[in-house]
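First chain A sits with chain B, and in the next complex the same chain sits with chain C.
On to the complex of A and B.
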């Protein structure tokens, strides 16, 4: 959050101009980053870029919950899984409209979060972390054992959808859909963080007691943001199922929750851009380390420790340091 | 201005107190921190609440603002019992407070702290937020303006972009005041707002508080040292050991032998402190 008082905005119009330029540059940069994998025309690169886009949606979602609101959840993979299975069962198995199925998955994830969050978030401290850990492990068991999820085998035979007559069957076309969803979620996160409600969440992160006496309904706000971010995770899960064209329980276990958390911490937990940067880096490194198997979790662990020790605000804080350094050189 | 009014006060405001505390009791593990406390806060007045350490001043404020639930007794605000409401509901009714130990949002700027304080002046929730500036723009501009004004009022306009945790303790107190005032409350509970302020800052604070009373606000001012409260309060409640010892005008309370005895331990200490305070003022 970096808000300028509007009353003095007129006096700072040169600064507004430079902000406009920064925004335009950022937009162009984002467009280039999104377009680059398409230009490569390489199926493997598109696959990795698609996973990065999904990871970005997840990381932005967890970033609002953990980084901005101060509520740690280990169940993001569970919500992702609920969204994925719901979308597949509805669309692929029962022929429900793709978009409707996707949002039904998001809604069901939100419902689970709401039911778990309501009793848990009345308490202060790390109860949410503990409760969501239990929820994650429990839901993982359901995914492995339930009939509707196809048990440990999962569900095969998923075909990418056709929306409004346009086929997204090609991974290239589907990647465009994913990138679009990521951009929308990014904007949503930006709007929420910089809104009255978002400031209420920041107040809760900083001091729940002070937030309460200012008039913020602390419990309702915590339950709301937990539900909203779980819905976003559910949406990401549905999108993921059709990217991979196959769902199975190991995509939705605690490892993925922790991987998303590592994206948030590595990129920068207070910044949506940081979450995206973290998602891209973790996705690429995960691919590079694919051959070493579970050893990759050791790499995450070391990364997270190093970042927390030396860059507590994540990799994006380097940008701020560089800029400050530059101004102090040029300026006074 | 309250001080220029006749000593008898305005009978109309005495009829219907804004806040009425009756038999308020709070037990912590069997020990009564607040013990059958009763008093009224007339609208538009600044009332002092004094007492030695551990006399129940902060607990009383915590009970009124909803941070503690009373063991027994009632707090009526505009005729409504608010004793069991959560803090945010009480704030919504028009009661805000500051804290003795500063509770600022340390990682956020002074401006953002006050902007969050303006929470109750806005309406937009999560759904509106998702619509972005097109939906929330007008309200956001209004809240930004209110926050800017409140910062100016306490004299922190030039410190708007400084992180709250980097402010001096005096500035922090003023920021807490601004964060409370921006909500436009009717009743403001101030828990030792002068703690850590120097003499010049305390004088400015006193002026600000009196100007709030002029503007029709009702204030309950907790003060450990009597310096500030004696100058600005129209009436003073003295708590000792969780109970109301006496309620009276500053002049009466100041010379009350029981107050001097209980509150300060001995008259000797009181005289010494007074001399010290006056000496400091001359410097």
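On to the complex of A and C.
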């Protein structure tokens, strides 16, 4: 739009029309993809689809933090865990309203991120990566050792909620809730990335010093996006706790942070749709790996190495290759 | 007072082992700028092999040391050839290499657990368990072994880096890889060599530390965060930094263990990282050059 500022309304409208059509098509496509697992009527497929939806929320939010804003964090699973434990303690153990508990979990995750983010985000590059890894392992230690989290045993006896008189106890109904949350987070990500703040964050990613010079409040932007993405992770954690109906520290450790990072990289770092696709692929592969028993983590390690070897720039690079191939055939 | 001296000696022993690990991280990082997250697993594997060869099979200690040094060198080389080199050749982003080294870590951890059992193993110290009493302070003989061998390795490494042609090539490649390539230094071969060296050093660190706790296939990640914390506290790529970072971390660990509890070690490590890097964002001996932050 900025390229042709003097374009008339008449010239604009067909383009707007085509964009509307694209949006409508995308919406219909998304709706079909979300509805597909429901139509299967299969409990296992719903379970995998639910975990994929949660993975997608995590990958989209880490995609904003790392892919879009350039702040590498290995602590995303820690914030996910804070959200999960908070929601369970409030709703299941103290009978607080489910939605309120969910958002309280997100808020506490955000608070933790804000407090540790101020000193941590002064660091850059490899130093930030290692510091957030220590943060992740430190918070994992809290989950294992604290009383309120049930220690290494965790918390059992979680029952899916009833919201406004409608019971989400069935995994099918709960899946609809998860899919709805994933769509909302996806839209929020789109809004953040394309906002004025989103452009500031992109400037920080490209060159922190230069961004500061042109007037971006670097530390405030970095801490804000760290807090916001941690809140989204906390929300995903709360939703996850009620999907699995059981929480334990193993669900919130460094391995999960690495898995979410691999989703983001497979998706091509900066693409929200890519992150969703990455989440679906990684979730399916991880679930399939349960069948190899003891060898699970060995095969998982090999899978991570192989996917990095063949797709270091993510699936988006394949899409790019296909598009280039197609256009050169047409002769454009 | 006596208990304080004990804490200091424990700190020096753990600090020496962490310094070795941080050194092994820096050896690899300074030539290839790869953060190899499998190095905690190298250290774990060194400890497990030490238990298997010396405690369980009863080989002489010197033979165990030689076998572990050679074997872990080969493990490091294998990781370079199979995982890191193909990614470097593709000029893959640092993050892709990082995640791939985590893949290597999973493979080593799972293979060790499957091959040698999933339990903690008591590793036998080579000089026995009877503490020497010096000035009323009981000191475990293993403390002398750890500190002594670490000092020997540091002197050897310093000699190699500062007094040999190979060391000159390594320093040239660390300073400017493309320039080194241009004057006829085979950087690929040097990278292979540093991965072998990194495996060797981390393996020895694991062998040395295992009699002070246990050997277990699950210790790799704890070792990794201690080694990487020591490396960034000292300054990534800096040799004196590795030693100082290792000692600071060892001291913090020993104080936590003695006066607070063993349950919050990693949380304390995180706080320590923040405290030191708040004052110096690139570590105590790190260069204050933005390019040295790494480009993830």
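To be clear about the criterion, the second predicted complex is superposed on the first by the 280 of 332 C-alpha atoms of A that agree within 3 Å, B and C clash if a C-alpha of one lies under 4 Å from a C-alpha of the other, contacts with A are read in each partner's own complex, and residues count from 1 in each chain.
The definition used in the following text is that a residue touches a chain if its C-beta (ideal position, glycine included) is under 8 Å from a C-beta of that chain, and two chains touch if they have at least 3 such contacts.
From a predicted model like this one, the values you see are computed outputs, not experimental measurements.
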Which of chain B and chain C A:126 touches, first, second, both or neither: second
Of chain C and chain B, partner touching more chain A residues: C
Partner chain(s) touched by A:141 [first = chain B, second = chain C, both, neither]: second
Chain B versus chain C as contact partner of A:209, first or second or both or neither: both
Touching partner for A:228 - first (chain B), second (chain C), both, neither: first
Partner chain in contact with A:309 - chain B first, chain C second, else both or neither: second
Touched partner set for A:195, first chain B, second chain C, both or neither: first
A:169 touches, of chain B and chain C: first, second, both or neither? neither
First (chain B), second (chain C), both or neither touched by A:250: neither
Common ground on chain A, meaning residues reached by chain C in one complex and by chain B in the other: 209
Complex contacts: residues of chain A adjacent to chain C: 66, 72, 116, 119-120, 122-131, 133-135, 137-142, 144-145, 209, 254, 258, 261-262, 265, 294-298, 300-305, 308-309, 312-313
Contacting residues of chain A [partner chain B, same complex]: 1-3, 5-8, 187-188, 191-192, 195-200, 202-203, 206-207, 209-218, 224-225, 228
List of chain C residues in touch with chain A within their complex: 35, 82-83, 86-87, 90, 92-100, 102-107, 109-111, 114, 221-222, 225, 228-229, 231-232, 236, 263-267, 269-270, 273-274, 277-278, 281-283, 290, 293-296
Residues of chain B touching chain A in the complex: 65-67, 86-88, 90-92, 96-97, 99, 103-109, 111-112, 115-117, 119-120, 122, 124-126, 128-133, 136, 139-141, 143-145, 147-149, 160, 179, 183
